[in-house]
């Protein structure tokens, strides 16, 4: 299968935080952002493989700073690495200062999608070719995250997670 | 602060999967479920601490089997453990067979919430007292997950994650 | 048809009142609550009979006290009695005090659903077996409400509404 | 307070039944129609009294024939009678045949609204002057419905419901 | 094809401006009004021709005065003229003063719809018969607007737009 | 006021056409696209002037080819020219072929926004500096469109619309 560049899957979505998107503190509530991230990540995964894709896993997502009502929020999603029929997607979330227009990164999330046929059976997807330094770094660390996911799902023996073990053991 | 039983935070939500909740395969799309989980988890966290709560992290979530259009989906959220001002919440997702009514567990997710004051500063929350075997098991494993989250966030040295190391090293 | 216990149809739904659910006084508007009640009542009716169900009637519903923006609202629906192919469902609405967590009953409504086949023709449903005192009381009074509904729909002669006549005439 | 004609409160709303408004049989689900009726009835009540109004009660509503997906649904609401601070509103629901354009009445509902001040306290509303035969008939029967509502709410002794008793007793 | 009166296509829709319909100044945002206008104009076009209709063009729409949160907004749509398979619809937007009830016209828009068959191919529609002075005026000016649209779409030579030329040249 | 490049206001939004966005032919309905265009155009106008902006006019919009259910739709908005306190924004709409991924332009629209202060009074905005050939072409033709808008609004004498007259008269 012909490899594709990471940048070919770049997908951008811009949202305006409306009253119904906010919690009692007038900040964007987490669940709405999780949904927005899933939608744009699905578009990115689809652009990489041109197949119907379904969400497989959501990796660790952290909500650092609150996003205020009426903010303009931009999500940028890009496939970081592909494994047989699954794709790991990074979603970077930016918020603009309404006065200066300065964009600040407020969140980062990692979702995994799987390409499926009409019956929901997995289909192979093309490999990813990273180009920029960031793409390369995310490509490299994807293997470690995959091992962690497999261990957490009970599908891999921690002993075999060679990449991950290095975090804990200096051999 | 007076401890509270895990069961006191049990929160239940029932949804009917409508056309707009589905993807091209007529199954519930992941982003919608992530939002539903966040909302009911927030209710559960609030019931535990009686404070305004905000989503802090979403831990590893896996989507195993597709949930079909028109399914009745029940979410049950319960606080599994509290750490100073944060609460870990387990969300169990069940789908009912429309004919037999048999409930099958389709998903499980873990979210973390933080109790905050008007300015968004963290507030202390009561400890959790587990009662059932499952509550005890989730309470125990919460520490390991917390260490993993702190490492991933770069706030803890892997060397110090004593609980987590045991997964990889038989000392 | 094998009778079923009232408690087997218990269905719970929890809502957080968002800005778009409120009227000009920042309280939950009636129409939204009516919709929430219909949805959870339909789930309850479905759980009783395991058939597609459609709303047949809404009985007298009273809105006593306003429900404030950001409240946590819990709806509990349960089938009170079944008549051939129709089911009467009670929906109890509770609001929690955000500080004390005390649950207060704010509304009570009664809906009737009918089980139907693909063409919309009515299908028989199982009888209901009440267990608690409240279930028994609601089961007993259901007949009176049914007679009232039939009279209002012009399908029963007031003379024949024996249960209902007792309200007005001490014989 | 200067009386107003019933027709002055006529309020019309037109809806197109979208996928998310339908149940599993591809018909408009009851809860959505209840919400639409509440919204247009509130507009009608507001037009009668020019005050903030809140839903007080929903009287018996019957769903006779299913309304299909993609139907054009028209709701017409009009105040039928006023009592001190409450107003009874009739909502007539019409569905158009997409080919012939023939309008058929599919539902009729009665809601009661109360005019309130900023604190939610009731405010007096103008009396209603019926003109057409239908307006007169609805005006007359409103008293009977009010007595029934008061009895069901336990606020009136059945003995005193003179209008209603006539239904059951030929004196 | 039998002509129809303009008034036969009159379609009315009433909206209550909710929080999610507003911009940062607490006024109805333009995009929401554009959607409401499209929906009621489609109903009007459908009532004229009794066919499936699709939006063809939106002519110049001006937003003069802001519409405040919680306003009651009434849209009245009516077919002004028909050309083979297309229909021009005028939408008049009125806002009511909440205290006096005085209706003020706040906007006016012109949309064009086309009647189509299952494959999206255009179908002929009946001619329009104007009755009132306003209907006649809108009927007459429709030709000029059509020529302008054709020129802007590059489908007509400005030289041939006899109606429109008169605006610029006194011959 | 310091001029800004057209490209600085580029705003991108990606949508997935859901069931509720479609008409009876399973195509995206016009009103929904008009709303999406308004939202992203507002973001673009805001990025140009860093002020609260409100929709002033919608110029001629044509819907050429239907957009199918489940399509991925990308909107790109950019300020084409500024006049004192108003900004003209071009919105280009692209649809992707799900299999080949080929992007096809399906629509083009022009909206005008005005920058306003807290009271809704207009505020000056920076001039636009076009760079690409397309930006220059749109910048140049903006004056003609503005004259047309002023004539249609009755605020300019056709005699004075020098730019526009050239369309009709070869002097």
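Observations on the structure shown:
Here the chain labels run A, B, C, D, E and F in written order, and each chain numbers its own residues starting at 1.
Here, a contact is a pair of C-beta atoms (placed from the backbone, for glycine too) under 8 Å apart; a residue touches a chain by one contact, two chains touch by 3 or more.
Here the structure is a predicted model, which means the values were calculated and not measured.
Following the contact convention of this document, C, F is the list of chains adjacent to both chain D and chain E. Touching chain D and chain F together: B, E. Both copies, chain A and chain F, contribute mostly matching positions to the interface they share, with over half of the numbers common to the two. Computed from the mean C-alpha positions, the centre of chain A lies at a distance of 20 Å from the centre of chain B.
Inter-chain spacing, taken between the CA centroids of chain C and chain E, is 43 Å. Averaging Cα coordinates per chain places chain C and chain F 50 Å apart. Those residues of chain A in touch with two or more other chains are numbered 19-20, 24, 39, 42.
Counting only pairs that meet the touch rule, the chains in contact are A-B, A-C, A-E, A-F, B-C, B-D, B-F, C-D, C-E, D-E, D-F, E-F. Chain F meets chain E in the complex at residues 23-25, 27, 29-32, 34-39, 42, 52, 54-63, 66, 111, 116, 118, 120, 149, 151-153, 158-159, 161, 164-165, 167-169. Chain B makes touch with chain C in their complex at residues 11-14, 16, 39-40, 42-43, 46-47, 50, 72, 96, 98-101.
The touching residues of chain E, when paired with chain C in their complex, are 18-20, 70. Considering their complex, residues 19-20, 22, 24 of chain F touch chain D.
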